[in-house]
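Here come two complexes built around chain A, the first alongside chain B, the second alongside chain C.
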Partner chain A sequence: MTAPGAPGSAGAWWGTEDVCVRFGDTLALNDVWFRAEPGRVSAVVGGDGAGRTTLLRCLAGALAPTSGRVRRPIPLETGYLSAGSGVYPDLSVTENLAFRATAYRVPAQQARERGAELLARAGLDRVGDRLAGQLSGGMRQKLGVIAAMLHHPDLLVLDEPTTGVDPVSRADLWWLIARAAAGGAAVVLATSYLDEAERAHDVLVLDAGTVLATGTADQIVAAMPGTLTVASARPAGEAGRGAWRREGRWRVWNPTAADTAGAIAPDLQDAVTVAILARELALVPAAGASR
Partner chain B sequence: MTELPVQAVAVTRAFGHFVAVDQVDLQVRPGEVVGLLGANGAGKTTLIRLLLGLLRPSGGEIRLFGEPPSRRTRARIGYVPQGLGLYDDLTVGENLAFSAAAFGEGPGAAALPGPLLRYGDTVVGALPLGVQRTAAFAEALAHRPDLLVLDEPTSGVDPLARARLWETVAGAAAAGAGVLVTTHYMDEAGECDRLVVMAAGRVVARGTAREIAGDARISVVQAESWAAAFGALEAAGLPVALVGRTLRVPGAPPDAVRRALGDLPAAVASAPATLEERFFELTLSSAQTEARRDRRP
Partner chain C sequence: MWAMIVKEFRQLRRDRRTLAMMIVMPVVLLIVFGYAASFDVTTIPTVAAGPEAGQVTHLVGEPFHVVATEPSQGRAWAEQQLRDGNAAVAVVTGSGRPQVLIDGSQLFTAKAAIAELSAAAAKAAVKGAAAGGQASPPASQPQPVVTVLYNPDLNTSDIMIPGLAGVVLVFVGTIITSLGVVRERQSGTLEQLAVMPLKPRDVFLGKIGPYFAVAALDLAIVVSVGVGLFGVPFRGSLAVFALGAVLFLFVTLGLGVLISSVSENQGQAIQLSLMVTLPQILLSGLIFPLASIAVGVRWISYLLPLTYFNEIARGVMLRAEPLAPLWQPFVLLALLGAVVFTLASLRFRADLAPAAPRRGAGSPRRPESARGAPGTTSATSAVGTPGTRSAG
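Moving on, here comes the complex of A and B:
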């Protein structure tokens, strides 16, 4: 284990180097470079079909890439929550944790103590005897994260731990995530919520298997091409193609403008939307465009 | 015309001893987008089922367009449930045609909007989630409803797709429909004209996002080592949230946070609470009230 909260202290990192994954004719990941460091939370964001799950499965060792290299710890030092919650519905909450502890060779007494503490903090202490299959969605996700981090893994990989989870359970989940990172784990989580990406230390934006942006939230925002203005309606004509609705008004992206008259400072949500939009506009040229 | 899409007064619904919806007042006016926020179990889905006429209230009164919920009012409602409500083994075109027939519309109402044209002959189960959502919206809007009810409409879609769904919602509102939308996603509160916050079956706050966040404040910690500060605050039993390298501590004034940090090098300041943080406060205090009520003889 490395000293928590001291970036780069060990120089250790986990991640992928030039990874491609092909399923038949589909290129699910295309030359993906990604780095997760101890004591830091990395968010992998993107929509449906972006390649988030494929990347996380590679990191967790559940899928071998078609080409490229994956740097990951040995399986006993990896914790993985697959999409849709990796808990056994026919086992109780405490049985789920006991099973995990055995599989990851955590001494029983130590596992019971740590399990009880994490369950209590996540508001699950009164449902220890309940079958996991009878928990609400948010409770099941919390159990899944606790099970994945029970053995203090060096790398904790969480596939959409918060999707569809209500804000109160989401706060508990983020507490667990922060706790794991504070303990020195490199945490990688997939999410479709950009406010969560803003909370992470590092962000990777995927779209259709390709890396659209990577870095800290500030770096991704700083690298956004062009400028943004705000309008009360979608502009007519060509400019309207680069506009989207946000909080009751319109963001208008000008890809080439360097002038800053009336331009606003973008945030991560703006920068990620621009990255997706830029890719879409490049794929679908305007009628009469010269390409 | 003064008929309101939704006018609910002191609506209550109990299941046995459990009161899922408790004395709720709710109004949705034409052209207005009302956001319904609440944790799981707050009563949002039960309230929606009451409005759709799928459940009858145990008390209070619901009027839709001036009359009690019925098949006739249902015909004026477009509804997108959490699970989208499409038939997985029918194509997009067949789903829309079926829905148009159920609403007594001609085949014209089943015409596919532009973004769905290339998917018309594909079975819904084989489509990406984002396209399924677009199809569910198209189906709900095809009969030009006067009230649109959306239950967590944007879960799991990328930000651009989310912006486009909101554009559709805003378009329906601009055309005069009232919209009631539930969301777990506080960023989307900004798309709503008004918010109603529910906790434990009751309405605990209403107003704009800014009004609800109000002047609540929290403590913010910038520490040399966030991990060490996190450990210290946790040991002191304070609720602490990690945001980048910053820690946010709701419900504790800066001096209490400073004490809990001991001699760790850190700057502690006070900052305005976000809507989400205010929401926790409302939800938690309501849970405590609830617990006190339970202990009463």
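Moving on, here comes the complex of A and C:
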């Protein structure tokens, strides 16, 4: 049996314990507990200003929390893709990877082989000499992810790696992400796409810096309170506060009913929306919710 | 168009630094440079040697100001005083006509001295003519033999090019460096650097190293072109010159990093760089003699690194000054370098390591021990130590 706490041991995790981050008067993260386990992909989801980037910056070591505790590997064993692609636009693809390999002390030969393999899988093998600034947004994101995972990090932190990326490139990126997790890395990614979050092993739902839900996608869906129905129009009155548009129709959430006729099985997107809605309704009971 | 005007004003109002540059800086610069912009030489430091050195004080009037007399010394001592920058004019008395040595590397002072001597000679000639009815001066008042040293033809290029070499270094060292670092911030790569297993010191030195090399190459090219194309003499020690250039480069590169660390974008970096560069060009003695700059403004000159590099470059290239008499500019340049470099590296470190107290500096691929106790309310990080799931 591996000693508890040893890196790479079964049951080991990286993450945050009771972390608060305050920017002036703004509480960006409020008592956030989060665990990312080796070999698993954790998705951090939430609306704008939810605190996803702040949490990822804490995990990567780019930001010190105001209070609480962050568990992360030493910088040499952490890979980070910041909100941009994090690559140098005036360096070529191979020069970017060479710089990253040197900084992370990856032997040159090993870096070349791994870089070539990952570039080929991501469809970037023919643009090795092209400047990163001349790549499309999706290609640049893929390069950023490859650069972040080039050194086989124990913790791979990716801030919105697939935002603004076409479906084909998204598939490539997910292959890279899955590859990093299969290699034993704990992968944490922030995403705005809930269909992507469903592909992750674990999901953390943040809203206004607070954890609304955590667990696997199925656990979060199962834990959704109340029931969900579909309507062709927004219900009038109080019921309308718990309704939102999706795919041309209205989802209506009834927080109290345990079993309603015509109730549908929610998915992660529904569960996350309900979690955010529930918080908003609790915070502003009299305010009308419009979605 | 109205919409554009309103938008521009709104943006301008929020960019306080640009607004200040546009409104306050012109007034400040006009006042400062107005007091600095003077070619008038009011005082010419003079030394006297030879048996009649003591009488020189009484013979020469304004603007000559005798700062030292050595009756026991001769021409060699007088030349050394000029070479070491202790005086701009030296009078050597003795048998025959007095010799007046003028330091040509102090162009405006030299020209003022020559003009004064010519005026005095003309006055004496007129006085002699009035007294004796002859045009030539009387034999009792022998006219001095004037010799201009270090820049006999009083070439402007001879005194400008050593200083211009410094200006080139200011441009490369301050402006280009400040852009190089702030570009990292704008492109988001500075945050990548912050989390990489690189020490802030390594990033700092790695960042400025190439600029240092390019600036050094620039300097070599400028000096070579100055010597080869413009015929500027290089009489002194290359090693002394190089030492001065290295110290100067440290200050200018440090200024570049300092500017970049307080700038949010490249526009701000350029604005600040110009605010640092422009006074160096106008107040360092490169164009206007330091002695001509109003005292109330001159103190700024002594805070500028180019002032000292100028002194070193002209001293070494034109007057072949060795290291010893240049100790003052060297020490002051080193002092400025230490202050600027320390500030720059501290700012850079703060920029680069927002989680500095928690960043691991452990040996490669080996976890550090956990720091801080779990459950404490203070901000702690366990770097390199994963947590464990509870059993079950």
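One rule holds for everything that comes next: the second predicted complex is superposed on the first by the 277 of 291 C-alpha atoms of A that agree within 3 Å, B and C clash if a C-alpha of one lies under 4 Å from a C-alpha of the other, contacts with A are read in each partner's own complex, and residues count from 1 in each chain.
Definition applied: a residue touches a chain if its C-beta (ideal position, glycine included) is under 8 Å from a C-beta of that chain, and two chains touch if they have at least 3 such contacts.
This structure is a prediction, so every number in the text was calculated from the model and none was measured.
Participant: Based on the shared chain A superposition, would you classify chain B and chain C as clashing or fitting together?
Facilitator: Aligned on chain A, chain C fits beside chain B.
Participant: For A:G86, select first, second, both or neither according to whether it touches chain B, chain C, the two together, or no partner.
Facilitator: A:G86: touches chain C, not chain B.
Participant: Output check: A:R105 vs chain B and chain C. Expected answer is one of first, second, both, neither. What do you get?
Facilitator: second
Participant: Put chain A at the vertex: what angle do the Cα centres of chain B and chain C make there, to the nearest 10 degrees?
Facilitator: Result: 100 degrees at the vertex chain A.
Participant: Just chain B (first), just chain C (second), both, or neither: which does A:G138 touch?
Facilitator: First partner only.
Participant: What is the contact status of A:D18 with respect to chain B (first) and chain C (second): first, second, both, or neither?
Facilitator: Only chain C; A:D18 stays clear of chain B.
Participant: Kindly classify A:T66 by the partners it touches after superposition: chain B alone (first), chain C alone (second), both, or neither?
Facilitator: After superposing on A, A:T66 lies in contact with chain C but is clear of chain B.
Participant: Is A:V44 contacted by the first partner chain B, the second partner chain C, both or neither?
Facilitator: Neither partner.
Participant: Is A:A190 contacted by the first partner chain B, the second partner chain C, both or neither?
Facilitator: neither
Participant: Minimum Cα separation, chain B versus chain C, post-superposition (Å)?
Facilitator: 5
Participant: Can you list the residues of chain A that touch chain B in one structure and chain C in the other?
Facilitator: Of chain A, residues 4-6 contact chain B in one complex and chain C in the other.
Participant: Give every residue of chain A touching chain B within the complex, in rising order.
Facilitator: 4-6, 39, 41, 46-50, 136-138, 160, 163-171, 174-175, 177-179, 181-184, 192-195, 198-201, 207, 217, 234, 244-248, 269, 272-273, 276-277, 280
Participant: Going by the contact rule set out above, which residues of chain C touch chain A in the complex?
Facilitator: Spelled out, the residues of chain C in touch with chain A are 187-189, 191-192, 194-198, 354-360, 362, 364-368, 370, 372, 374-389.
Participant: Chain C touches which residues of chain A in the complex?
Facilitator: Against chain C, the touching part of chain A is residues 4-7, 9, 11-15, 17-18, 35, 37-38, 57-58, 60-78, 80, 82-89, 103-105, 154.
Participant: Show me the residue ranges of chain B that touch chain A in the complex, using the header's touch definition.
Facilitator: 38-41, 128-130, 152, 155-161, 163-164, 166-167, 170, 184-187, 190-191, 225-228, 230-231, 234, 240-245, 276, 279-280, 283-284
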